[in-house]
Amino acid sequence: MTLTAILIVSAALFGIGLFGALSQKSFVMLMMGLELMLNGTLLATVGFWAFTLAGLPKGQLLAILIMAVMAVELAIGFALVVAVYRKRQADVTESLTTMKN
Amino acid sequence: MIVVLAILGLFAFLIASIWAAATLDAVCRGWIAGGGTVSPAFTPLRTAALWLSQQRLTTEAPDRLNALLSIAGYFALGLVGLALVPIGPDTTLIALPTSVVAWGACESLVVVVVFLHGWSPNAPLALIGAYRYVAIGLPIMLLSMFVLIAAALPAQSLDLRDIVTSQSSVWNVIRQPLGLPLFILLGLSLTLRGPFDYADSADLAGGTSVEASGPDRLGWQIARLVMLTGFSAVAASVFLGGYLGPVLPGPLWLAIKTLAIMTVVIGLSHLLARMPVARMMGLIWIGLLPLSFLDLILAGVLAL
Amino acid sequence: MTTIISIAGILALAVLFVGVLRAAGWSDFAGSATAPQQRPVLGGGDPQTHAWQRFHVRYYTMTLLFVAFEMEMMFMYPWAVVYVAEGGKALAEMGMFLAILSVGILYGWREGIFRWE
Amino acid sequence: MMTSILFYALSALAIWSGWRVFRVDSMIRATFALMVSFIAVGAIALLLSADYIGVATVFMMAVEMMVMGLFMIMFMMNPAGLNPMQMVHQYRFSIGAGVASFVGLSVAVLTTALPVSPLPPGGETLRDLGTELLGNSMLIFETAGVTLLATMVGAVVLSSASGRFGSGSQGAQPPGLTEGGAPAGRKVDAGSGHSHHGGGH
Amino acid sequence: MSWISRLAARAPVPVFIAQGESAPDALARLALNPAIHVVDSPRAACILLISGRIPSALADCLNRLHDQLPHPRATVLWQSHAMEPFSNAVEVDASDDIANALSATFADLLAGDRPSEADILPDAPPNEWRGIGPHGQGGKGMMGGTPYGRPMAKTDDDIRDGLSLDAYTADFGPFLPMFPAGLALTLTLQGDMIQAVTVAHPPFEGDTAARERLLRLLGLSALALRSLHGQKGDGTFRRLVRLSRARAAIPADLGRLPDGSDVRSRFDAMVTGLQTAPASDTDMTLGDLLVGLEWHEALLVINSLDNATLRGVCARMDAPPDSTNDATHADHDMHAEHMG
């Protein structure tokens, strides 16, 4: 287990997440992609914390903040999904541009 | 060597306590029903044999993988709870400095596996049970978080081993009198019992397990009892001083206290009425959660 | 590391448990379910559609509040460990925390999200 | 040695389940595949002696994915994947972007000299974190708390149906338009996409 | 695995009850027998106990119910009438001891002396689906076809919060243990909330088990058993009900009738054993009472009504649901193509 291996794994997670976020049509699947990207970031943060920061507590704090970002993204994202669905019966990204009225 | 012994002992205890819980359940039920029971000690074994010899049914287009994972997962989470509990000074199967948080993770995963159990058969009554359980299972977790944090304050640690040690002079059940009752409510919910039985309730003809037959039904019921054991052991360690006690060896004390908590949980599950889920959700947020705040404040002031 | 090995062992045990339960040979009636046996239980009735659908969750707003609420709790665990050592400052901190959480609950209550929407 | 084996197994699990998220038909399987990916990352964090972060990841993500699953089923048509489905756009571009980011990041990682010795286990990482939260990083901590409060309020405002102007249970049945008439439906903009009962696709 | 069967044969007999018209009074007290286990779901039963006369309108439901039992299974007819599909069933009449008959049938079944009953219905899915569609899954498009033999749900308006999600329509009953005997409802649910209701079959006359069912619905199954003993002045029973906080568990104002009674007051009357007069004739329909309620609340309302009132309420027809069904269906098909 080296930092290089950890960072490559996190890059893979980030890449898959990016693919998902860009390719998925539906809001909720798009958010899954974002969460997966943040998952990769979380792994990289913990890796850096353990190897280069010598256990400096700031690294852990950053990891917690990443999780907080996920929670905020999820809560606000889904609230938006509900609001949009209530108004337009739409659950895919494209309908936002094509259904302007 | 000691690890092997501990594992074997834990297994013996697990099997004994599953059997004891099933028996207690039958006795309690018989007492309240006023009709008595016939050989309550053997009925669980016979019923288990019956379920094993029945056919296992599936529904139209079920989610087979998740059906399997839900039973296995529920069983495993109960066992993890049991493995987190110290059976002596510095002796646990899972030695983790953050075991309180790990137990919290178990609680949240229980919501997931119960949901999956109701989701996988693709049947309406099971599905309603699954969704209803999430509405209660999520907020009630907050109670346990506050209560466990309050127990961690005097120990200055999130390790169950330290929490048990910190009770050598006075048990947490006295230090934070609101803690144990609130935690037992969580236990009722984790084990799908009584007033918090929103997953497998009678108004859904069995809820998430309405479609379970034969070995699947047996697996789910055993998993529920394993979770009851795991929860009771955690509660006994956090509030009743775990293995601490005079004369008798530590593990025996832990077993006695675990059984005591188990009896209380089973008794309450037969005695208290269940309210409609919306009402209970409101009650948890508006009534019980402020109580757990109060519990934390009291514990905090006391700890300083 | 031992933690992960122990948990992996427990998981393996749980899968074994389900596997043994489902193993053929316990029952003389282990055949797979026929089509009429597979219909969902409705006490004799029959549904028109699959049960898996866009299920109308009646408490969705509560779950969003819950996620944010739970995240706040993540800050409380490290706080609990140093509470006694830090003393008064930690007590003030707890007050702030509980105040924030209470405001969240009170707001949700006022908006009526702890009911079936 | 054992640590390395565990690390590679968990990494494989994290990547494989992350990939499954976008390959399965059933939304519930997708959500819980993502949860497995998070749990694997949490376990790797435990291997790196981040005792708190690792377990907290499992805790938080189990809850978040449960909530995510609820919303996935609520808003995706065909949520259980009974009919095979594929709801993607700009597919090639996305694959390209994903691969490019992976390759780019990997090259950057491989060409950098990185330290090789991890943090020894048994440190007081949790206590350090607590002290930091109450000391130097007090401001971050407080900001996060207030941000999360704002999130609570924002999520409620955006998603709540009736709000304080009417009780959900009281409005169970709207009053009739005429005395004793059929309940009035909710208002629909004339000519909007409302009649498209499957969602506008 | 004979030792398992031998052990299993000594378990309490798991019985699922299909109650018909004018079933024997002793049926309700069957659950008090410790050798019998009256189960909630046919999936847990070995014996289907048909008691009383089953109207021919419910024959199909009975056949469906029978086939949902796992093997080994047997049918027992208790003071019922001969029915063509159940020609092999054990028949028990008023003079026989039902508990003995059930135990004997169960023992024979597990010992293999009595063959497990075959399905009544043909082994075919509700709709043909295999090999249809591009993936052979019975559907084309995302919402079309009949994947795995059933169509997918359709979206419908919601009467509470205005999120138009999928509605689920099904016939519930007439043999559900939490419904009054004979009652079958066609319910449309949005999530767990009742959106529309029509009566598919009214409850039988003379049902008296409402108190027991109501207690079970409140999660007090042991107390429900105690209530079956029927001693009028059982003080312990009333004390235990008070201890259980059952009254507080029932929401106030639930299921209020024009005569002012709600579920709570009717529950009080049942527990104290007061014979209240049947609620005065109202012009309420079941839809007025149930639409907009969550599942558990709706069941509390149904079971709090006495038999005469419930039959009266069920007899009044709701305004027929507007006939948009065809329209939505066409719309739905259009979408299926659209997305194919």
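Going in written order, the chains are labelled A, B, C, D and E, and every chain counts its residues from 1.
Note that in this section a contact is a pair of C-beta atoms (placed from the backbone, for glycine too) under 8 Å apart; a residue touches a chain by one contact, two chains touch by 3 or more.
What you are looking at is a predicted structure, and each value in this text was computed from that prediction instead of being measured.
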Just tell me the minimum hop count from chain B to chain D, counting one hop per pair of touching chains.
1
Central chain (by mean CA position):
C
If I count C-beta pairs in contact for every pair of chains, which pair wins?
A-D
Most remote chain, CA-based centroid, reference being chain E
A
Between chain C and chain A, distance of the C-alpha-averaged centres to the nearest whole Å
21
Whole-Å distance, chain C centre to chain E centre, using C-alpha means?
29
Would you kindly tell me how far, in whole Å, the mean C-alpha position of chain B lies from that of chain A?
33
Rounded Å distance, chain A centre to chain E centre (Cα mean)
45
Residues of chain B that touch at least two other chains are 52-57, 60-61, 96, 98, 101, 119, 122, 124, 131, 134, 138, 141, 158, 205, 210-211, 214, 277-278
In chain C, residues with contacts to at least two other chains
3, 26-29, 31, 37, 39, 41-43, 47, 50-58, 60-61, 63-71, 74-75, 77, 80-82, 85, 108, 115-117
For chain D, residues contacting two or more additional chains:
3, 47, 52, 56, 59-60, 63-64, 67, 70-71, 74-77, 80, 82, 126, 129, 131, 133, 144, 148, 151-152, 155-157, 159, 161-162, 168-169, 194, 196, 199, 201
Can you list every touching chain pair?
A-C, A-D, A-E, B-C, B-D, B-E, C-D, C-E, D-E
For a test of understanding, state which residues of chain C touch chain A in their complex under the given definition.
60-61, 64-65, 67-68, 70-71, 74-75
Interface with chain B, chain E side, in the complex: residues 1, 4-5, 7-8, 10-12, 14, 32, 34-35, 37, 40-41, 43-44, 46, 68, 70-72, 110, 125, 147-150, 168, 170, 176-178, 189, 191-192, 216-223, 225-226, 229, 234, 236-237, 240, 243-246, 248-251, 294-297, 299-300
Sort out for me which residues of chain D touch chain A in the complex.
3-4, 7-8, 11, 14-15, 18-19, 21-22, 27, 30-31, 34, 37-38, 41, 44-45, 47-50, 52-54, 56-57, 60, 64, 67-68, 71-72, 75-77, 87-91, 93-95, 97-99, 101-102, 105-106, 109-110, 114-119, 123, 125, 128-129, 131-133, 137, 140, 144, 147-148, 151-152, 154-159, 161, 192-194, 196, 199-201
Spell out the part of chain B that touches chain C in their complex, as residue ranges.
52-61, 68, 71-73, 75-76, 79-80, 83, 93-96, 98, 100-101, 119, 121-127, 131, 134-135, 138-139, 141-142, 145, 149, 152-154, 156-158, 205, 210-211, 214-216, 218-219, 222, 277-278, 281-282, 285-286, 289-290, 293, 296-297, 300-301, 303-304
Along chain B, where are the residues that touch chain E in the complex?
28-30, 32-38, 42-43, 45-47, 49-50, 52-57, 60-61, 124, 128, 131-132, 194-195, 197, 201-206, 209-214, 217, 270-279
